[in-house]
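Next come the structures, one after another.
Here subunit A shows up in two complexes: once beside subunit B, once beside subunit C.
Then we have the complex of A and B:
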């Protein structure tokens, strides 16, 4: 059962992240997950200063608020003409630094590392169960991530055309009357929700990796967005399973192995993709030069 | 054309889904999860830090098979779980952890586990008055530096063993009493040794604030560069304030710690040397983790002795 819960949690994280990752890769904003993983620090510090508690609910609340602030600011700067990568960099370093200052001013003697109070560990999910009226409902993380996935699938599914057009051609989207800014903010809100809830359940590295790697691999394998999302989710889940077995064999960090497995699948896609792969391109060039 | 690729993709997806499902099923069969713990009638005990594992092994004696999650030299703040740790926790009959937020978020998991098996914070019985409390209300978790606290922790461990395995109560009591007697000797030794340092030199300067309990218990002033949390960076003001203090009070030595990098403390030494006061590195202290297994610093008593001797020989 333990293995099942870990694989299910990993797959839910992979699914949430790799769906959103596709849009982020297309918008060249895939590092936003890493940004959020740092910028939530002031959120948890303030949450602790207000409540005096390090309970995960309080920490999650503080982190969620700061996650939303982060993506809002990034989107705001980007819309005002700052480069996407620069606006991510500016926002997350500034917020993280503010968190460090807050800790050094007030809380030097309190253990408030993100690692200790916010980031969960996928190895422990099956112990953190949710009890409702005395009944064991299974791991909390599965419920939280399942809900997150549901929201993501609903929102993206309902407005798929709008999201697609906004990702590829915001000008055209605006011209046909789609509220582009609204959809950008909506997407960012989903990203914030998915990353923060995943951080709380499984830690940072798995989320940051799953947000970037499966989508980037899928990008090499297809030119159609719908298919890219499906492939991305498949790669995400496959890396969860592969990575977990690697972790069992090696007795190593589970999240670390899962991300390494995703990287391995990415390399395979990079080399062997029938359209954009290294081999295919080389072959195509050779054929082409021969015919000339 | 499009139809063809679509069906190819779909087939591939099915294959993927099939692989995933069969892998899950295989995983379920492979580990079984519920294999009986230690077949020879021994209790399987899992402890978080090396210090707790050491005390549990002393009290449990031949009735317990103790494993620690955090290896030697591992800073509890930086501990990363490996896949094998799941089994150590799943198969344990008793789990001991420090408590007071030393294990961070893992504490919530331990509280959940309490419903299923004895899962005990060894700091449980320490009265509020014995704890160091930050103005914000958080407690300093490094309780093991006051040997008296560790005696209380040993008693918690003993009572947990007895509750789980009343048949061997006599053995647990005898082993715990023997260990506590040694701890009392250690406590006296530490107090005596530290008192032999001239009062003006009784200052312990280290990189991070793990030694607060040690200072309170044995009457030595403790100064650290960094807060308890490894996330709080030290400021340049901290470096210069500490440097001035060293120079004014003619402190002979500062100390580095096994699980904290040396760099921060070296800046202070360099600063003092520029002001014409030479400060030596008094040696390496063990703070959040024990030394290597098999060496004398690999046990709690050996670690405390090492720390005390190092401090005394450098400051005297």
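Then we have the complex of A and C:
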């Protein structure tokens, strides 16, 4: 049963992140995803101090607001003349530092420690269960991630056309009357939500890996957005399963192994992709040069 | 407050930490300026994350914790990471930002795997290796500070001697190539110094936050000046100051980590620069905006008075 819960949690994280990752990769905002995943930390700590629990909806929303603040600040600094990547760097390091200081100051009364921030505690996921009217309903993390996935699928599903146009051609989207800024912040809000709900079980770094790596691999395998999302989710879940069993064999961090598995799958896609892979390109070039 | 500062300065143990943090802030501020102008700010972040598996492998191979070996491992890993980013962006349609994200997170994932591997097996003195994640300036000892002194001396000397070359590289690499400078070599050299600064910083502030030491002072200094020389000096001073403030504040309260506090001090300096910087700061911009508007209105009324009412409607 333990295996099942860990795999389910990992798969839910992978699904949430790899759907959103596709849009981040297409809009060239991967590093903003990275920044958000670091800077929700103070939000998580503050919400935890206020509400006293690690997994409430209040905390999910409260910490997600900080993700939006991050995006807003990055844009503010960019408009005032700071280079894009430098403004990302300034904002996320500042917020992450604030989070680390808050965690260390409250080390005694908070069972939220720094290791959990980086590695996550996916191995302990099945201990923290949710009981409703005395019945055991399964791990809390699974419920929270399930809720997040539902919201993501609903929002992306309802506004798929708008998100698609914003991802590929924001100018055209603005010209046909789609509120581009609104959808930008909606996407960023979803990324923050996914980050916050994944944070506790898998840690900050796996979230970044799961956002960017499966989506990039899928980007090499197809030219259609719908298919890209499906492939990305499949790669995410595959790397969860692979990573978990690798971690069991190697006796190492589960979250770390999952990212490594995703990286391995990316390398495979990079080399062997039928349309955009290294081999396919070389083959095509050779055939082409021979025919010339 | 002054008493606690005095107590820190006279405490021989704290002196090392203070000196180390100040040197660190100084040298990463200086090299960070060039990275910022070269538009490679987040490269420092990527290199810092990538350094983790290098450090772990260096430890696994030798079983000792020496800063020189870690430098070697981290440098090799950093080189591999930049190579990987170049490979991905050159041979596929993935853009630089996604490539950086991929390399950063997969190297870090590997680092975490190796780290847990080390913790679970019985290497003798493995304790303290995980301190590299968040840094522990308080554990700095004389030999670490000596290493840091050498590193910062080398970096500052190199930046002084190669100032002209780096300046040209930062602003107009094409022109530099035209003049016959070895641009690729200089670029690699700059990258190498960034790696060195990052590895020296990891011990004090940790893998995640070391990027702030490179980026934030440079960005803050940019608000005050348009001259590279002044900017480099200012960024160094900002780094130095925030290192000192961070050490001081964390010495007053137990359980307050030095690295993150220094980063917060730097952010405070950034906020001050953002508001009060001459010409570029928010306040100065607002002021010049109002002044321009007032001049415009003034001129318009003057014109109206001279030209009469009907002749030139505005």
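Criterion: the second predicted complex is superposed on the first by the 222 of 292 C-alpha atoms of A that agree within 3 Å, B and C clash if a C-alpha of one lies under 4 Å from a C-alpha of the other, contacts with A are read in each partner's own complex, and residues count from 1 in each chain.
We take it that contacts are C-beta pairs under 8 Å (C-beta built on N, C-alpha and C of every residue); 3 or more make two chains touch, one makes a residue touch a chain.
These numbers come from a predicted model, not from an experiment.
Asks: In the overlay, answer first, second, both or neither for which of subunit B and subunit C A:230 touches.
Replies: first
Asks: Just to be sure I read the superposition right, which of the two partners does A:104 touch: subunit B = first, subunit C = second, or both, or neither?
Replies: In the superposition, A:104 contacts both subunit B and subunit C.
Asks: Answer with first, second, both or neither: which of subunit B and subunit C does A:238 touch in the superposed model?
Replies: The first partner, subunit B, only.
Asks: Let me test your reading of the model: by the given contact rule, A:49 touches which partner, first (subunit B), second (subunit C), both or neither?
Replies: first
Asks: So in the superposed three-chain picture, is A:219 touching just subunit B, just subunit C, both, or none of them (first/second/both/neither)?
Replies: second
Asks: For A:145, is the partner it touches subunit B (first), subunit C (second), both, or none of the two (neither)?
Replies: Once the two structures are laid over each other on A, A:145 reaches no partner at all.
Asks: I'd like to know which partner A:178 touches here: subunit B for first, subunit C for second, both or neither.
Replies: Touch partners of A:178: none, neither subunit B nor subunit C.
Asks: Let me test your reading of the model: by the given contact rule, A:128 touches which partner, first (subunit B), second (subunit C), both or neither?
Replies: first
Asks: Per the contact definition in the header, classify A:253: touching subunit B only (first), subunit C only (second), both, or neither.
Replies: both
Asks: Which subunit A residues come up in both lists, the one for subunit B and the one for subunit C?
Replies: Common interface on subunit A, subunit B vs subunit C: 100, 104, 107, 114-115, 118-119, 247, 250-253, 256-257.
Asks: For the complex, which residues does subunit A have touching subunit C?
Replies: Answer in residue numbers: 25, 28-31, 33-34, 38, 77, 80-83, 85-90, 93-94, 96-98, 100-101, 104-105, 107, 114-115, 118-119, 204-206, 208-209, 211-213, 215-216, 219-220, 247, 250-253, 255-260, 262-263, 266, 270, 276-278, 281.
Asks: Please name which positions on subunit A make contact with subunit B in the complex.
Replies: 1-4, 6-7, 11, 41, 48-49, 52, 54-56, 100, 103-104, 106-121, 123-124, 127-129, 227, 230-231, 234, 237-238, 241, 244-245, 247-248, 250-254, 256-257
Asks: Per the contact definition, I'd like the list of subunit C residues that touch subunit A in the complex.
Replies: My answer: residues 36, 39-42, 44-45, 49, 88, 91-95, 97-98, 100-102, 104-106, 108-117, 120, 130, 133-134, 208-209, 211-212, 214-216, 218-219, 222, 253, 255-257, 259-261, 263-264, 267, 270, 274, 280, 282, 285.
Asks: Note which residues of subunit B are touching subunit A in the complex, please.
Replies: Against subunit A, the touching part of subunit B is residues 9, 12-13, 16, 19-20, 23-24, 27-28, 30-31, 33, 77-78, 80-86, 89-90, 101-102, 104-106, 108-109, 112-113, 134, 136-138, 140-141, 209, 226-233, 235.
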